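The chains carry the letters A, B, C and D, assigned in the order they are written, with residues numbered from 1 in each.
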Amino acid sequence: MKKIAYARAAAEAVQEEFRRDNKLVYLATDLQPDLRQEFGEERVRVTPISESAFVGTAIGLAGSGYRAIADLRMATFGFVAMDQMVNQAAKITYMFGGQARFPMLIRMSFGAGMHWAAQHSISPYSMYMNVPGLKIILPTTAYDVKGLLKSALRDNNPVISFENTLLGQVAGDVPEEDYTVPFGRADVKRVGTDVTVVALSRMLHEALAASVALEARGISAEVVDPRTLVPLDRESIRRSVKKTGRLVVVDEACRTCSAAAEVISLVVEDEETYARLKSAPQRVCGLDVPIPYSPPMEQYAIPDRGKILEAVLSLFPRVVK
Amino acid sequence: MKKIAYARAAAEAVQEEFRRDNKLVYLATDLQPDLRQEFGEERVRVTPISESAFVGTAIGLAGSGYRAIADLRMATFGFVAMDQMVNQAAKITYMFGGQARFPMLIRMSFGAGMHWAAQHSISPYSMYMNVPGLKIILPTTAYDVKGLLKSALRDNNPVISFENTLLGQVAGDVPEEDYTVPFGRADVKRVGTDVTVVALSRMLHEALAASVALEARGISAEVVDPRTLVPLDRESIRRSVKKTGRLVVVDEACRTCSAAAEVISLVVEDEETYARLKSAPQRVCGLDVPIPYSPPMEQYAIPDRGKILEAVLSLFPRVVK
Amino acid sequence: MDKLTKRDGKVTRNNAGLINMYRTMLTIRRFDERASQEVRNGAVPGLVHPYIGQEAIATGVCSNLIEGDRIVSNHRGHGHLIAKGADTRRMMAEVFGKKTGYCKGKGGSMHIADFGIGILGANGIVGAGLPIATGAALAARLDGKGKIAVVFFGDGACQEGEFQESMNLASIWKLPLLFACENNMYGVNTSYTYAIAGGDLVKRASAYDMPTASVDGNDVIAVREAARIAIEHVRAGGGPYFVEFKTFRWSGHFVPEAIPDTRPKEEIEAWKKKCPIVRFMRRLLEDGIVTRPELQKIEDQVMGIIDEAVVYARESPLPAPEDALDDVYSA
Amino acid sequence: MDKLTKRDGKVTRNNAGLINMYRTMLTIRRFDERASQEVRNGAVPGLVHPYIGQEAIATGVCSNLIEGDRIVSNHRGHGHLIAKGADTRRMMAEVFGKKTGYCKGKGGSMHIADFGIGILGANGIVGAGLPIATGAALAARLDGKGKIAVVFFGDGACQEGEFQESMNLASIWKLPLLFACENNMYGVNTSYTYAIAGGDLVKRASAYDMPTASVDGNDVIAVREAARIAIEHVRAGGGPYFVEFKTFRWSGHFVPEAIPDTRPKEEIEAWKKKCPIVRFMRRLLEDGIVTRPELQKIEDQVMGIIDEAVVYARESPLPAPEDALDDVYSA
């Protein structure tokens, strides 16, 4: 084990997979100096500011025996390449009757809290979740980001990795040896008995902080990190809710049609889980506003440990707040 | 009253508003012959196949005292203009602190059932619902499409109208005189007592058909048409569910993170409504697959009256199927 | 003009090549005539964008391709696929929405592909194939085996941002990519002279710092020759090349003709007189490369192939409803 | 070169114009120096893309604009805004995230706008302002009052599809739009000679059938003159015009400098020697249009304005958290 930052762990995953797989190509508007030095400019390519072209290039590479990483940097820049992701990458395997594989990875950083205002702070993963054919990972820790990126780089499908900007410098334990984190397996990051808190990306850390405060009030929270949004580990989430009888979903993204809405739905539509619910499930989400620039407003617009605490406490009317 | 087709009612709305408002401009890759003849080629413009450019043009017009209709024809073509919708139109009012208004209408036809395969059959409204700053209408009848488009063309914000292709020829009663349908008011298209069926767009008609079959089995379905997705009439939906105690949401779009997920969530997270629920709410949605071309598969992939019937009956275990 | 080839009474290798081109063009023509007819008959669930009138382009371009080269097609793709060697039976079956089709009935006319022979697929989104072809060209370059990619696209696609981005990217990376622009004068009903500023596609392509050419797309020999020169350049590592092929679509934008065709009747008629197949046939006859009876034999052969394709399509089973669940992801 | 203007001892109208341009350039410089410093001080929550080194462009271009003309800016927008007449106090307050800012603290540096004086806003998405400006130009044309639109964008934006689409659209509709391309040689750290095939932006623009020019963007007189000629053409209904202004950004891509600046040090130094402000100042002195004491007075004035802007920004209240809920929609 070693303790390294999330961003470093991600870089290691890419580097190690580049060593394993000589069909791997990196495409980004930014120079990746370390990678380029080791693997050369044929495989590590600086693109013009033409996201549509280079995401499409990744698709063409994938359909021709290569595997490309299209690094969009920020999720917001993905919108100029949306057709290539939604109409092409997501559908191409299916439309062609499965005759070819499209192994590729699209990386996007995302999230609010950097005071970058509306255009640079969006958390759009639920939009992509509505598009079958894409796999979507949402790594929350150094361990997970390395292991999930490795799985992504060994998967035979288009995968989008949403990496929260504010997690980049968060350090965590990472094994020395090669490992992967499988898709579709939620991770119970904290075991508890009274309430299930499903927390996405950076909100996991906020939820863990809130659970400490909850513990002090005698409430034992189970904190579940889905880790991958597509496939989504429905069973683990339902299992936890069946145990605790209560559900709070925390998602930084805008509330309407969020991944949080999906989690709530998959829980309540399951008769067995529904039957065990003791109270109305709750969402703690970003407000339905574009992210404002100025910190007081920005903070107000996104969830944090305080809001999580409040939402959980609202499920326990007899506990002193 | 007169009986006219949905598409005709939509055309009338545009034509009448063009007469009312000389700041109105139409932009589309297709010629709109009738409109052009009446209003001339300065106001009714054929664009190149450059969706990003002409949606952006609509924004610029809006910010300069005009009101443009950007007719994308099919929702799928919107993905090449996604940045202009998500990063610009949706956020521009907010980012600039509300100092300018952006009245504009984006029209998109959508939906499966025409055997046009994956790229031409998507129903992507939930993706846009996750983006605050856009208003979204989903008209289901000739009456509604005319009235809602008129409201859209008098609203001071970017509005997207999702018009189901298969509804185009469906006729309905439309008043002779000018009228509008307000945003944010769901319409109870059928009053019932045993189950609330919230049905979106074309699925409304399937739900109404299913409700007849349900009636025959002694089940009284209330069929609610939200009509606008943003703003969404939460109160009316909750009111209906509080009355019936049961909820089925029907949405042709892919299930995950769908508008249906939002409807379920807004119902169950409301304590009062939750308390009145008699059974687990259900979604009847498009499968999480790209829409296949061949009719047997296509039909399998999207909801219909039979699937609605089945889902509702599953809530009444004692009723004979 | 020179004779097409020297001959001494029997079919030379070169003659065989010419006759093959003729057969290919005719196959494309008959395929799309028949597919259109089957649409009108109600045997085809969806729609078809016929390639009729443009056959010389796919045929002439693909006659220069070798194994391992890849093509990317667009919504009007049947001609490209046939010219690159796709199986007309599996094509027709796909158009019919059958399980035996290239895409198991999942794609239909607009999404046929055959990765096994380097066909990376038709595409329903105007312009979207261009970036994908750029990727295929990058793959060819990384492979380093002298293979190339060709992308077919229309004048309409030149109006999309993806066209420009791909031209630029292919150019700065000197990718082995032939931009084969089929300028059939219209995107649906919109003339390229209206929609393309300046109306000069070659000039626009030149601005991306690559060699260009513009040829009569209804003359298969001119097409083949222009493509040969371009492909030699591309294959030799000279970077991308843009060729405009001027041509015309005979049918409405798609069949069934739900969109009224507002192009001037006289223009359509004038172009029909420039039929690439009749023209090539006359040439072959004049130069004594084929005889009328030989032509009849080819016609019969082709009709046989198309009939067989239709029978195959018709008799093939439909997919099962639940097949919809497969192929969303690859294993 | 000719003298800038004839003068007879007192400040002529023309002289006043020149001095105003100088004052504008200096205001932009000091504003962005100060804003950068305040970022480093921690007084600014977000980031700032300084316009330092490019002041001559916005200044020279906007000196030709009249009331009712509209501009669209990009992420490096402070210079454009100041040159078009924006209030530096409300700008600085916005950069500080204050309620008194142009956007009530909702936008920050990258999203300042002043619709009241025809500033349709900065924009954080590369290339995205171009279609919006196309709409503003269409509005001007529909208004029929001889007003125009100007869009400022970088060499990087020329790599996006939206650039090409907007050039094409503006050209076929002959819209009154000036494409003001600020070629500062790099998009972040990527040279335009690498990222733009052929490296010739003027050639590319010409392919959209509009007149073009390329001038030294560090010479405010040359900028003003090129823009004057272009704007005359545009205003007269001649359709769009493209002008490339060659220039250089002195700072890193943005402040705080989180992205390492990998541009060659010598290149940066060489361009600093071509400072547009020093150059213009020398010219004004040589031609006897200003004296050193007058220059000092301008410097003092400008510093006063900037100080005032900072004080205003600093002392202004922050928005209330719940203000986040307003302005999502217009009434």
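List of remarks:
One rule holds in what follows: a contact is a pair of C-beta atoms (placed from the backbone, for glycine too) under 8 Å apart; a residue touches a chain by one contact, two chains touch by 3 or more.
Computed from a predicted model, the values in this text were never measured in an experiment.
Touch-path distance (fewest steps) from chain C to chain D is 1.
Ranked by how far their CA centres sit from the centre of chain C, the chains are topped by D. Averaging Cα coordinates per chain places chain A and chain B 29 Å apart. Mean C-alpha positions place chain A and chain D at a centre distance of 38 Å. Once the centre of each chain is set as its mean CA position, chain B and chain D turn out to be 41 Å apart. Annotation for chain C: residues 103, 105-107, 111, 123-125, 128, 159-162, 165, 168, 172, 194-196, 328 touch two or more other chains. In chain B, the residues that reach two or more other chains under the touch definition are 48, 50, 52-53, 76, 79-80, 83, 87, 94-95, 117-119, 132-133, 287-290, 292. Chain-to-chain contact here is organised exhaustively, every possible pair of chains being in touch. Chain A contributes residues 25, 42-43, 45, 47-48, 50, 52-66, 68, 83-84, 87-88, 92-102, 132-133, 135, 156-157 to its touches with chain C in the complex. Of all the residues in chain B, the ones that touch chain C in their complex are 29-31, 46, 48-53, 76-77, 79-80, 114-120, 287-290, 292-301. Across the interface of their complex, chain B is touched by residues 70, 72, 101-107, 111, 113-116, 120-121, 123-125, 128, 130-140, 142-143, 149, 161-162, 165-166, 168-169, 172-173, 326-331 of chain D.
Those residues of chain B whose C-beta lies close enough to touch chain A in the complex are 52, 76, 79-80, 82-83, 86-87, 90-91, 94-95, 117-119, 122, 124, 126-127, 129-133, 230, 232, 253-254, 256-262, 264-265, 268-271, 274-275, 279-283, 287-290, 292. Contact residues of chain D toward chain C in the complex are 159-165, 167-168, 171-172, 194-200, 203-204, 206-210.
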